[in-house]
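Chains: A, B, C and D, in written order; residue numbering restarts at 1 for each.
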């Protein structure tokens, strides 16, 4: 951390500031330039409050050289984190050399729908089943998901197909219902629900953490850090599109965050092309672009009857479309040296 | 709601679609243009699932003519909602002809700090005291607020000054601690925490609902609709800046949403210039702009020692700066016919 | 300018880099912290190429402490720039204690229309007449303005009313037509048309420079610097809304840029509420917010028959609406100590 | 185009509006719903002025069903546009089954630099040489390009290597210098420089049109329509990143625009990963993502000495890095059935 002081600061004020900072456990080097004094802080600067520093009357600028996250930082944990799941599929892993395909309907709607989709995506090569039981909907008058019953149906589909299941948690009190869920999804709208993140830090369940609609890369990593600070480092990050000024897609899929995240963190990174674009005909090209950009997986909506889907039908692939996509994904995975 | 169908749709398909829609309780007018068929829906279209419609193979475009919110809609409730609070201040009302000034420190830090600030802002003319006990912080390593103890100190400050108190709730389970809190703040990051909104709908407490960092006006109103659908219509909306591409301010203060909201809804609208800009020297000009734009109030951070604030010191006014601001605000309120 | 080097850099490499930088005329202080070396540059760093520096293999971070603009910088020119115009109006000045109101139709459409509007806005108190002769339209099939004929009509209206005229230049070759124009407008889409800016630098005409739709404050000031570097410092900056993710207004009016610009530069700053919002019923509240935020003026569209306007009718005020607005603006100007 | 009228409109007003519209050459169907009248317009609605319509006192909403562009519209020209260039390379085509690789330095700096880079990129498989002679720089104090001399050097490099050359035009008056240039680049900042676009419409030269930093897809296509309306349909569109709220990349690369554009227009679409990210280490992954997403080519910066580049060194690949990238691109092209 570098602190540039304003011209005219007295020696006493500099020494006072250095003393205040060193109490916090960092070492401070002061360097007198010809126009201004610059302080360099060494040590664990995650404890320093940037805001308070900036409010100091003698501080001109505060520049963080080190990232504000530690546990999620690849600098301190160079090896890729790889999550392993019990499954009869060969590749129920996420991270490292694996390319994880998570597929299923937006919402769980019925036993019949879910099992049909699950069997179909498994046959096409998906390693995980997704499906929403608790649904965050913009309108209170929209279908809010089947709730506990949806969780039960997911667990049944898991038993029948052997696919690990991924579903969204919206509130801490729902946690006890998620015992048989393999990975808990935190939705984009909850990425900075810090109380939820803290609670998931105490859990041992893998967490699929979606990037918020207007979250920076650093904020996403700080959200992961909240979970990790609690003791749970089983986290998969997910790019799902950010808010933009145009409307030809629902959101802007920010694929450059993949190489950026792979550099900054050891956590796996996957992509949700369905929510990012909101349009099923774009899902294949964006899925291919995701693997080409270095993603560790994709999470894709598949529905056997999109026209009658209770949620997000416009963005769901038909099972045969998903099968075609998987055939191309395998070729891309070969080039990228990824195990599907 | 208007639905434009694709060219080439058969009479049978049109009739099927009309039948599917009329089951939901709306009336459908079909009109055959020379190039395409257009359906007009009349009745309560809030029950219609736009997504499913768009996924229909014969649907070209879906256009909502009516807003998707009812209870928050000024069309159905033309009169301004005015919230009243018990207070020894003359103007502890929000909405209508009142201009509500809510002031206090970002975080509650000590009894001494809070009471000193409370007395000072009251003297300057603030009608409400704000202060954070539970703080949503980007980093898990930052000060997270004093928690329950902070709430106790707020209640004490209320007793001493008579000012109604406003503080943020981060999680449903904290609700029982808020019995003596006068208005519950929902932070920007929780604007679409739908479970929290539903729970607040069952409460009788006034809710201060902050706009999310990337939320549209309609999404903000739908968040209010969630609370209102539960039976609680004591809601104050708050513009606090949205995310933008420049960084000379922390966020972009979108003041045009004030006249837009005043047209669309009967709920009061206030502005938070402190979080919007992140810079104390901008707070006076943005506060004046807020009242000029038609706001029903402001919520401002005031701290007696910003340099040592545990949170957001850079954006807090000193008590004397706040007092100067209030002197100008009174002149603006006179022009706008608002009671301070 | 501060340059933090990567760990492990050798003494020779540091010395080489310092030598390379000092050739450019700056002085370099090197300071060895315990973890990294930090260079502090003193002198005119506007000549330093940040990009090349960042590409250097030993450079970790480059931080500009000084602004990259000089002529537009208030630090070097603390006094407000005030532009004076020949006029029979008392207040044909922009900047300092003056509040300049520029009003008129979006496009010049006919002699009758223009003179009627000009006389009406003058009567209400506007000090300048605006009107587009060359129109930047998104579609090649839309009305592109009356061109030279429009300029002639503006000059006639100026003769009849005594109001100085402001109109947009779209291309260098049009410059000779602008001899009798009092202030040349550079539109948002041309803010970074650097060849146009250079040419205007050679002119002696005042320039009204509109902020680009996605321009940062620094980019706006660098555009002004282009004109000033050529020798012309008669510049008025104009906030006209930036692109955002919502669509209840055409653009987002970023009023916080007013105090920010007033701090950074000595140039006057005005606001265009008509283009910012695109909605005439929002123009009064945003005009009042502009003066409250510290603007030096507004530029407002007024049309005597908005329904038949060939351009932007939806955002034009009727003359009587403009007159009402002026009556309130005068009260605000009184409070702010501005001369109308 | 669909126009929904406000409730309460009289029969006379409806008939007047229909008459006004039919004068413009479109046919109007009126349909009386139970709550409002809806007009459907058939014919060439590109002549209709949406703004004027919206300003009409009886118009509630205006919805364009048809796109506002004709010549660029795939609906009317279903076959891909393919541009052919004279070259000794086998694949100097852009569009259709071809994948065009355009490479070279950001700025032309010297004969030696340019020829060395040109020969190297040719050897690696690039089919076009890029290089800037006129440079749009944010600061008037930065290197502004070699100008005419740079064009001369490009033409020499073309003679030596046989590669067609692409370079940026900043102003109409430069056009005569571009006689031997094979494709004229219009930079992002000039995408809505309508006078420049009109002039290029009269030229017969291929145009590389870059998307503006905050331009919608429709605005990009309307910019192409400006050129096409003048008679020149040799246009290549280029996605080069849009402005966003984060800063880990210079811009946000919006790859979803590729499938969207390929659906809407017959014009080829390429991607500039160098300017989009601003970071050379991201260029390979974003180049692969571009071809995976369906792009017709890439334009990449390559420099033999990025540390001493006079412009954008941080984003340039070294020749050997570019060679490695081409080896992977060939594999991707095979899967996608593209000819390199």
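In this section, a residue touches a chain if its C-beta (ideal position, glycine included) is under 8 Å from a C-beta of that chain, and two chains touch if they have at least 3 such contacts.
In this text, all values refer to a predicted model and were calculated from it rather than measured experimentally.
Across B-D and A-B, it is A-B that has more C-beta pairs touching.
Centroid distances from chain A, each centroid being the mean of CA atoms, peak for C. Think of it this way: of B-C, A-C or A-B, only one pair shares over half of the C-D contact pairs by residue number, and it is A-B. Mean C-alpha positions place chain A and chain D at a centre distance of 32 Å.
Per-chain CA centroids place chain B at a distance of 40 Å from chain D.
Per-chain Cα centroids separate chain A from chain B by 27 Å. Within chain C, the positions touching two or more other chains are listed as 214, 242-245. Every residue of chain D that touches chain C in the complex is listed here, in rising order: 46-47, 49, 51-52, 54-57, 68-69, 136-143, 170-173, 189-190, 192-196, 198, 212-214, 219, 222, 225-226, 229, 242-243, 306-316. For chain D in complex with chain B, the residues that touch the partner chain are 2, 4, 27, 29, 31-36, 38, 40, 42, 60-61, 63, 65, 243-245.
Chain A meets chain D in the complex at residues 214, 216-217, 242, 244-249, 252-260, 263, 276-277, 281-282, 285-286, 288-294, 328, 331-332, 335.
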